[in-house]
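Next, two complexes with subunit A in common: one pairs it with subunit B, the other with subunit C.
Take a look at the complex of A and B:
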């Protein structure tokens, strides 16, 4: 009698273990296997199709050619770094020697002027997009809060927002370029003109989703919470800090994520068109270069652009989860 | 009531709701929601406002709170006119209205800091917040967020927040309307207990006849809108502390209950489309009949 109950108990435990293992296997396969299958299918179709497209620059690059170019680009980067290091070493030695001869001599230090590598371009692009985005956020969020709080202000501003929102970065670019070269005149510029041009173009295009989402989030705050604030007689700034900002943080972050996505896309286009340093310029240079490796290099850049865009979105999502009280809005 | 008595009442009334009209602007002209609502409330009195949905009970409460401005007439609290919201007229909202990003403690803290920041040290504030949370029996969950506690618990925190402002008048807009019957009964007992201790001046909106009779000193019954006004006022002279169990068989309690029911379902019966009016006798709706039967 006792033995059977023990048996039954152990059997059910065994079953439970099997079941949990089963369900976790299903989970793992869902999370890892399905995307793996999707990616392999894509790579397969890509390589098949690529073989059948013949361009004036040779066969369209398949996955293998792109991977080869990745390592080539990395090697070029290493080589350039070594050259730069060697250049600085030589310069240092030369200056030391001159100083030893003549203690009055003020050493000249020049920066290395070699071609920017793929990795340099990535870093430049990331810095530009972040700066442009931050400037946009700095303008759009306070403005959006003001629009959300004040219906009259919203009515006054809204037509302008609606008209400028759909404008492509390519239309802004010539104007921004000319305005920057006219106004940003300095003998010792803090940042280069080209950086400022791409950054401002990014700002102009990523302003709108943040502005619209912030103002919508603020105007949608439940009237009950507004009434709480009124009964407590919170001052305007306390009201914004304690009620408005936390209540609209989920919407503000949704806007910021949208804006960051737009900013990244706009940046590549702006760099391409304006010959500003960055990934866009890398793509354009390779296209103009027209070597047999060019297409594979461009394709490598495309993959990197996509991966960085994805990564930026994940970072924003992570920040949103950290900051927002409403966890339901911070899903994928 | 004789005329001179009204005069003295009006002069010494703690809270004077004086001949209020409320007209809301609509596309087709003004909609008169309230017409000549006039009520004097003494300090420490517990008033229930009862009436059918849409009769303007909430409008009266919002005017007293200062969230709406009466079109004509006005509110005097301690002989001072009320024309904006303020913490001396704390509101317990129907759906708790807690800030979801703050813990229960922080929700009460926001109110306490705003009201007492000049008069209390931070240690005193902490004690005062905890005292109020204990009063509503929520000190065990004070560091939880509103979405981690039940509806009744949220309403308790809402009450604690309002009490912590040490209001001169506590305004409650159907505070227990969204709760299930058992939780509601529990909350009513808690509220009576708190009221026993603090003796606040309270105006409470309710739909629940039992709740009104159990808790109130006076029940103010409102006529149907538009142009809603006070229909009748019922004095509830039941000894305190009251217990729902012993009152269930009390003759006076049941008389008061049926007075309110008569007002609501005979005198102010909501006009609804009835297919064959001649055959339909005027009776209380089904659920009320059942309630009456169960009350004995």
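Take a look at the complex of A and C:
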């Protein structure tokens, strides 16, 4: 009798262990295996279809061609860096010679004049998108709060927001270009005109989701909270700081995430059309080159653009989780 | 008073000035001062004839002059011209017609000059495969079955007429309204009896399709092959590598090179604003020096450096097409139909035959064609043609650059025109596809020789 109970107990323990192992295996396989299967299926389908698409620039690039181009692009980057080092060395020598000839001469070190590599273009794009986004956030969040707090102000502004929200960046671009070149005139500019054009286009397009979400978040604060604020007789700024902001943070961040996504998409299009430095220009230049590697290089850029977009979104999500009190709203 | 400072600021320049004065007569090179502007940005379009700029950069000729140059590809000729006008670009690889048209005020008005002609020849006319199939029976054959070159537009005429009978338009692409390609394509078509259409800018018609049998429209060079592949145009006239690209991609056949339309025709120039040349005279001379050296390197030792040049041009930041495609025309050959590769040693000329010297007569030829097709809507005197050419083409700057190179013993004097006697007008030129002789001194008389085109007194 006793032995059987022990038996049963051990059985249940063994079963439990098996069960936990099973469920954790299933969990691991869910997290790792399924995406791996999805990705490999995609790669397989990609290479099969790629082989069957014949463009005038040769076969459509499959995964292998793209990987080859990644390493080629990295090598190009290395070579360019070496060239840049040689350039600075030559410049140094030339400056010395000039100085020896004319002691009055004030030597000046000029930036490398060679081409931007793929990696340089990625960095340029990232800087541009971040700056454009920050400017937009700086404008949109205070404005959104004002709209959410004041129904009359909201009614006055809303039609304008609704009209400008769906405008494509490509429509803004010519206007922004002309305005920037007319107003931004300086002999020794702090930032280049092309940077400013791309950045402002990004700002103009990423403003709206943030503005709308902020105003909606602010206007949807529960009346209980507002009543508390009234009972405590909080001043306007304390009210905003202690009640409005914490309560609407989830919505504000949802808007910011949307905006960052829009900003990244807009930037690539703007760079492509305006020939401003960045990943968009890289894609356009390769398209214009029409060499047999061009398509694979463009595909490599597409992969990088996607990965960066994904990463930016994750960063915003992480920030949202950090600042939000209501963790349930911060879902992927 | 700080005497040291006084001496250095007041007396030194004086001393320097007198030293310079005393040596002027002895050494020319000494007078060429340091560049006033050292950081420059040049624009180009992805075509093999931008080579002198790429070579001057890669071989360090710009740096030798103390110039730090950034080279940037431009989306199309309009963007490039606007860049030079508004100052985002200091200079650019331009169509020979661009500085002339800009100075004249056709399109955007701006005073653009050129101290340096970049190359001769280098263009071709390509037609789509289907058009070629219809043209082919009309072309006389050699003993081995290959077509006799040069192919005239006479062979194309029945094709255009057949399309017209079916109610379909015959369309061709060229790169810019004042491009060499536009005039070459028009010249070739008109020589074969196909009317390419008139412009009437005074009536606001800048499409250039009045009375046209072949409708010409603008397409940026790198997009020519894909536009023809899409069926939007039946053919095009463009620079390299975009004709050879059509052969490689099996989408079209180059039928005639511009060398056959007009032997050794001037193609691209280096354009800067008149203001730039005035404000930065030393920089202008120095950049001209660098470009002359690059052009000489490209033609040196019977094109021995061309393969190295092609390698540079095939980099993605310059032309970026495949090495084989660029090499096909840059190394002295040209492939017409697939497999029909022929020797055309002068397809690209950068330095031989004084290719870099800005001849007034070249500018005037473009002006005559602008008048022929109505871009210049009313009659002008011979004097007007010559004065405009003098305003745009600046052999005086070229001469200073060349003489300083001679003084520095970089290039010998016999490789340049004899500056003492050079008038800027080439002797009457005979080698046109329709055998009409061109004398740059008599533009109006020249215009009378064409059967298709505006005549004296004619206004649309």
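The working rule: the second predicted complex is superposed on the first by the 307 of 332 C-alpha atoms of A that agree within 3 Å, B and C clash if a C-alpha of one lies under 4 Å from a C-alpha of the other, contacts with A are read in each partner's own complex, and residues count from 1 in each chain.
The rule is short, and it goes like this: a residue touches a chain if its C-beta (ideal position, glycine included) is under 8 Å from a C-beta of that chain, and two chains touch if they have at least 3 such contacts.
Keep in mind that this is a model prediction, so the values were computed, not measured.
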{"item": "Three-chain arrangement built on subunit A, subunit B and subunit C clash or fit", "value": "fit"}
{"item": "Which superposed partner A:104 touches (first subunit B, second subunit C, both, neither)", "value": "second"}
{"item": "Which of subunit B and subunit C A:94 touches, first, second, both or neither", "value": "second"}
{"item": "Per-residue contact with subunit A, leading partner among subunit C and subunit B", "value": "C"}
{"item": "After the two structures are overlaid on chain A, angle v-u-w for subunit B, subunit A, subunit C in degrees (C-alpha centres, nearest 10)", "value": "150"}
{"item": "Touched partner set for A:52, first subunit B, second subunit C, both or neither", "value": "neither"}
{"item": "Partner chain in contact with A:231 - subunit B first, subunit C second, else both or neither", "value": "first"}
{"item": "Contacts of A:186 with subunit B and subunit C, given as first, second, both or neither", "value": "neither"}
{"item": "Which of subunit B and subunit C A:246 touches, first, second, both or neither", "value": "first"}
{"item": "Partner chain in contact with A:291 - subunit B first, subunit C second, else both or neither", "value": "second"}
{"item": "Distance in angstrom between the closest Cα atoms of subunit C and subunit B, superposition on A", "value": "53"}
{"item": "Residues of subunit A contacting subunit B in one complex and subunit C in the other", "value": "none"}
{"item": "In the complex with subunit A, residue positions of subunit B that touch it", "value": "65-67, 84-87, 89-91, 93, 95, 97, 99-101, 110-111, 114-115, 145, 165"}
{"item": "Subunit C contact footprint on subunit A (complex, rising order)", "value": "56-57, 90-91, 94, 98, 104, 108, 110, 113-115, 181, 193, 275, 285-286, 288-292, 294, 297"}
{"item": "Touch list for subunit A against partner subunit B, complex", "value": "222, 224-225, 227-228, 230-234, 238, 242-243, 246-247, 249, 325-326"}
{"item": "Subunit A partner contacts - residues on subunit C that touch it in the complex", "value": "8, 34, 38-39, 46, 57, 60, 63, 66, 68-71, 73-75, 79, 86, 88, 222-223, 225-226, 229, 245, 249-251, 314-317, 319-322, 325"}
